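There are two complexes below, and they share chain A, which is joined by chain B in the first and by chain C in the second.
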Partner chain A sequence: MRVSCLQENLAKGVAIVGRAVASRSTLPVLENIYVGTDDGRLKLAATNLEIGITCWIGAQVEEEGEISVPARVVTDLVNSSPPERIDMALNVRTQTLQIHCAQFQAQLKGIDASDFPIIPTAEQDKAIHVAPDTLREMISQVTFAAATDETRPILTGVLTEFEGASLTMASADGFRISVRKAPLPEEVPESFRVIIPARALQEVARIMGDQEDPVEILVTQKRNQVLFHMQNIDLVSQLIEGNFPDYRQILPSSHVTRTVVDTGEFLRAIRRARIFARDAANMVRLQISGESTEGPARVRIVAEAAELGDNVEEIGASVEGEDIEIAFNVRYLIDVLGVLNSAQTIIETTDATSRGVILPASNDDFTHVIMPMHIGQRG
Partner chain B sequence: MATKWPIIGHHHAVSLLQREVARGELAHAYLFAGPPQIGKQTLSSILAQALLCQGDDPPCGDCDSCRRVVRRQHPDLQILDLPAQTRLLGEKTSAQHVLKIETIRKVQQGLFRRPLQADHKVILIPEAHLMTTAAANAFLKTLEEPPPYALLLLTTTQVEDLLPTIVSRCQVVPLHLLRITEIETALQRPPWKLEAAQARLLAHLSGGRIGWAIRAHEDSSVLEERQETLETLQRVLAGDDLERMEIAERMARLPDQGMETLAAWSTWWRDLLLLQSGADNGLTNVDRRDELARVARVWDVAETYSALSTLQETISALEHNVNALLAWEAFLLSLSVSGQPAESRT
Partner chain C sequence: MTIRVLPPEVANKIAAGEVVERPASVVKELVENALDAGATDIRVEIRDGGRRFVRVTDNGQGIPAAEVETAFAHHATSKVQQADDLFHVQTLGFRGEALPSIAAVSHVTLITRPAEEEAGSYLRIEGGHTLSRRPQGAPVGTTISVENLFFNMPARRKFLRSAATEAAWIATLVSSYALAYPECRFTLHNDGRRALQSPGSGALYDALVAVYGTDVATKMLALPADDDAPVQVSGYAGIPSLHRANRKYITFFVNRRWVRTPMLSAAVMQAYRSIVPTGRFPITVLNIRIDPTELDVNVHPAKTEVKFRDSNAIFRLVERKVRRLLVDEAPVASAQRLVTETGGAASVPPAAPESWSGRQGLLALEAQRTAGEPAQADSVPLIDERQPRRLPVLRVLGQVHQTYIIAEGPDGLYLIDQHTAHERVLLERLRAQRARMAVPSQSLLEPATVELTPEQQAVAEEQSETLALLGFALEHFGGNTWLVRTIPEVLRGKELAPALAEILDNARRDRSELSWEERLLMYAACRGAVKAGDPLSLDEMRALIRQLEETDMSRTCAHGRPTVIRLSQAQLEREFGRR
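Let's turn to the complex of A and B:
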């Protein structure tokens, strides 16, 4: 192999695929980055067997070839190179990649490319197209509510359902549920559901950058992998096996109190309450009351810490239904309010021990459910 | 019927597994149990090949998947031994004696990601008895509810050291020592193509362990060491107390070599016992028949029997970490000199 490319492009490519390099694995080759020629371009790839990222960069190919080289070394080397042309040459016999840039020259001992796992790349014909902004927003609205605790592998994934002309993503970690729906530009020929690791979706959002073309999504025939095809980048994720809990059954179907607040005002008040709640099991109490002789409808946000004292703040609201006091984990409220994308927030509650529902007032495509905390349990 | 699997011996196990592969009726977990170096790992690896193969006649041995399994580079095959654990946990090699619960947990997490290249995901644990109790208990969860594509292959030389709950959730495939003639025939075929005499020698010395025979063929030092070991025995038998004490001291210093020496000596004495009882075939040390026959005429059966049982007691004492020097001295000094009982020496 003999290839030349710009340092800037190579550094960018290595940084993108570098996100999928395995840190510790039983297969040494997974700590490497695949470097090979592909139809007049340079192909870079890495996989940790959960996520595989392939990236193509412009290059001048003089001789075809492929190899895999240690990710950490090649990343450091390329990042510390001057912004000039980089020449690479592979010695097939010794499986050594020679990298030459400006004044310096380095030899990287590689592992045969045939030991590198085969990462599928896109065949565009059966892909489902999703607008990049929509996908980015969906990912931000569901992945944070997936479990990070690996003892429940299924909940570390996002249930992704393609049905008719709509796409639904749902996540749950045992304390909260996040569900986001979006219309698809065209109907899928056959409905299906898969569980995609939340980590993989977060990577998709990250490497999507400011891409404007639709992202193409396709699931491999064996239903083992999902592939996201972007401009010059493919991300493949292994799917998670198992049955995702039926979240629809857990979604509250009715409520007693419906409260509407200004999202920004509510979020700022909650953030201030957090300073106190940190020392009190993260608990914040919402005292919701309708218009009465005591004053207009409002939400009192109360956080108490035994050592620090307490913090009480009132914000205006419109309240339908009975007054209620309910407590939530302050972190969960901050998480959801940060991704709501609506000027007004709806809070639907039933009683102090039933799940609360957080909804955007501007549309009905997002639903978030949070388990309340027992008011007696503050520390 | 599938192609012939490249396995020497174990016909019953192989045909059972071939049948299950062909019918798609595989169990989720297999436990291959038997003595060391008889081909347990080879068999489990071929089974992994058969499942991951992309060819028409699995295991074809020729497709990308089959080749990766041989190179231990298949992304859907995880081999869980101590070196793998070292990599997985990022620990020092010297810290590895058992398979830890952290390792099992990591593997379990990966198992819920569907396979990458094949229809199956295979986890191979070559020395399953190295799992700690905590690790084994964690692994039970996977054995009880494996994902549909998972195949768990365990091999062990010490099935009695495994949790009974582990054993009961695996399809146990007991494997035995091979017949000497099976090994002798195999060694004369490719890829080894040994001369008949050499094949016969290695087959007999192996005691039914094909792995040992292949190692002895590939690494000439194995036979040289055995030669030395048996010469040491001759020196012991002919030597005085001083020489025996020197040898005891040397053996006590090198525990591994000491154990191997005792294992080789026990085959020599067993051969002696065979010759003394009039049996002429079944000898292990076929290349030392003349020497054995000479000694057989001088020693009587009772002496040989007593030497052999003292030797076995010494092995078990050393396994239980007694003072090695004392054990070796007691053993060597108890032996007769060239057929004279120890008491009658001057």
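Let's turn to the complex of A and C:
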């Protein structure tokens, strides 16, 4: 193999696939990056067997060939190289990759490319197209609510449903649930649902960059892998098998109090409350009261830490229904308010022990449910 | 069957059975008599565990020749004149039962002389019958020999334990009195060997050294008495790392009378709750000084039990005083062993005294001041303005084995067990929240189902209210299955089913005297804490140390294992041969 490319492009490519490199794997080849020629371009790939990322960069190919080299070394080397042309040449007999750039020349001992796991690539025709902005927003609105601990593996994934001309993503961690719907440009021939690891989706959003063309999503015939095809980048992820809890049953169908607040104002108040709440089990209390002789409708945000002190803040609101006091984990509120994408936030509540619902006021495609906290006895 | 009055021999034996159970009871009665007689030097000699021979020699006031025989008559005593006196008894004995009871079941020889009489008296009684009485020269004081105990009661005799066991009882007893009366010199000879000798210097600390040895004595914290409190508690309490397998080392005196009252032991255990490891017991020597009218010692002939008029108040006072002392004074456990480069454990010669060397002198001094003049023992002023002992400000250096946090403090290197430290922080927080009825719980999106064993279910049912207060809303679903609707906030992110099972199991198996609530809290904190093996970021470690610094009793975890070990600058220097 003899290839030349620009340092800038190689650095970018290595950074993208580097996200999928396994750390501390028992299989040494998984700590490597695949480097090979592919149809006049340079193909880079890495996988930890859960997700695999492939990236193609422009290159001048003089001789075909492929190898895998240690990710950490090649990443550091390329990143520290001057922004010039990099020439690579493979000595097949010794499986050594020679990297030459400006004044330096390095020899990298690699592992035979045939040992590198095969990462599936797209079969273009069956793909479902999703607008990149929509996908990016959906991912940001659901993945944060997925569980991070492995105690219930199913909850570390995002339920992704393709049904007619709509796509729905839902995630839950036992205390909250996030559901986002979006229209698809065209109907899918057959409805189906898969559970995609939240981490894979987060990687998709990260490597998508400022892509403008639709992202193509493809699920393998056996429904065990999903592939996201972007410009010059493919991401393949294993799917999580199992039954995701039926989120439709969990979403409350009615409420007693409906409160509308300014999202920015509410978020700032909650962030201030957090300064105290973080020493008090992260608990923040919302005292919602409608217009009365005591004043206009408002939400009082109260955080008390026994040893530290407390913070009380009042913000204006429009309140329909009964007054209520309800407590939430402050982190959960900050998480959802940060991704709401709406100038105004709707809070729907029933009573202090029932689910609270956070909705954007501007549209109805996003629903977030948070379970309340209590102190002392229930009720 | 006709009803008859029992012949005096039988009646005496029955009465004797109440007072005299074993050789130790004989020693107790005789030593108390000696103390009541104002003795300052009491020698106890025993042979064959006291079964064959007990002799108590004192330098007290002696018995006048005219009264020698009366002393052995029933209910004959010089200590109480009228019934009313019983309500403010100041002497140890008063029932007038001891000598006749002992005399009824053994061979007794009495030699005594009061200072004001020229000649002493000799009296020999066997089985309650006076065999011989004559004047005899004798030093001032009283010597009573008791031989062949229970010679006429073969049944009792059979129930005596081995010589070693009986001797141990006697040693415990004499030790206790040595501690209660530091101004009196006690000597115990067992089969001719000296088993114990207290200096009689008047300092409780010296008596502690004589009884428990220097090692233990240096690890005892002095509890000075309150000047003007109506009930005063004073004495010594062991530091948390000092503990024993049974509660024999919890010693109490009420108005300097040695008592064994479960209520008082429970108060001490409560004070040491979660400071000494489960199943271990602290070493304490405490004297309670109380108006005799608040007290009834006439519960049992042996008088080792007392009744307080307001026993709840006494319980709380003892618990609070001891707890306060521990919180204020307990030092950080210091490293006993250092691992040398060869990998073996080299013992650093007394590491504890190193950190205590300054303190030991102080202790001795304090003890002298507190107990120097026993009459005013309780009137020594408190050391004022004692700061509560907490961890100094520490700088985190790193983590070892993903288990211990290394930190640097102003006075050396600190090793902190991350699990026990976090557990301690959580436990304190839970306790504080519980006290305010404000344990935060988090509702679950969907109720979780857990399978419980029958034992676990029994706890879940019986303690459902306590569990609810801690944030667990449990509901029986049928069969072995339970629904969990809310969980304590501390357990968020932990695997629920094993956590709940472990908390219920541990709380059930826990043999400590803690309440269910305390136990459940403790195990919830344990389960909620980071585990050994969890990698922590520097920020997480800093946050943990900061919280630990703010925690009371930061030195041991809820199970009593140490949380923090300090390697002092001096120890490090010594290890590296710089000093």
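Just so it is clear, the second predicted complex is superposed on the first by the 374 of 379 C-alpha atoms of A that agree within 3 Å, B and C clash if a C-alpha of one lies under 4 Å from a C-alpha of the other, contacts with A are read in each partner's own complex, and residues count from 1 in each chain.
Here is the rule we use: a residue touches a chain if its C-beta (ideal position, glycine included) is under 8 Å from a C-beta of that chain, and two chains touch if they have at least 3 such contacts.
Note that the structure is predicted; figures quoted are calculated from it, not measured.
A.B. asks: Using the overlay on chain A, decide if chain B and chain C clash or can fit next to each other.
C.D. replies: Superposition check on chain A shows chain B and chain C fit without a clash.
A.B. asks: Look at A:230 in the shared chain and tell me whether it touches chain B only, chain C only, both, or neither; answer first, second, both or neither.
C.D. replies: Touch partners of A:230: none, neither chain B nor chain C.
A.B. asks: Quick check on the superposed pair: does A:305 touch chain B, chain C, both, or neither? Answer first, second, both or neither.
C.D. replies: Neither partner.
A.B. asks: Going by the contact rule set out at the top, does A:375 touch chain B (first), chain C (second), both, or neither?
C.D. replies: Touch partner of A:375: chain C, not chain B.
A.B. asks: Given the touch rule stated above, what does A:28 touch, chain B (first), chain C (second), both, or neither?
C.D. replies: first
A.B. asks: Which holds for A:282: it touches chain B only (first), chain C only (second), both, or neither?
C.D. replies: So A:282 only meets chain C here.
A.B. asks: Using the superposition on chain A described above, determine whether A:177 touches chain B (first), chain C (second), both, or neither.
C.D. replies: The second partner, chain C, only.
A.B. asks: Taking the superposition on A as described, I'd like to know which of chain B and chain C A:197 touches: first, second, both or neither.
C.D. replies: first
A.B. asks: Once the structures are superposed on A, label A:273 by its partner contacts, choosing first (chain B), second (chain C), both or neither.
C.D. replies: A:273 sits against neither chain B nor chain C.
A.B. asks: Touch check for A:238: first (chain B), second (chain C), both, or neither?
C.D. replies: A:238 contacts chain B only, not chain C.
A.B. asks: Once both complexes sit on top of each other, what is the least C-alpha distance from chain B to chain C, rounded to whole angstrom?
C.D. replies: In this superposition, no C-alpha atom of chain B lies closer than 10 Å to one of chain C.
A.B. asks: If you look only at chain B, which of its residues touch chain A in the complex?
C.D. replies: Touching chain A: residues 64, 67-68, 71, 73, 75, 78-80, 84, 87-90, 105, 108-110, 112-117, 119, 147-149 of chain B.
A.B. asks: Looking at the complex, which residues from chain C come into contact with chain A?
C.D. replies: Residues 432-433, 436-446, 448, 468-469, 471, 473, 485-486, 489-490, 492-496, 550 of chain C touch chain A in their complex.
A.B. asks: Okay, in this complex, where on chain A does chain C touch?
C.D. replies: Residue positions touching the partner: 148-149, 151, 172, 174-177, 245, 250, 280-283, 306-307, 327, 329, 353, 355, 369, 371-378.
A.B. asks: Which stretch or stretches of chain A touch chain B in the complex?
C.D. replies: 24-29, 47, 49-50, 114-115, 117-118, 150, 153-154, 197, 222-225, 238-242
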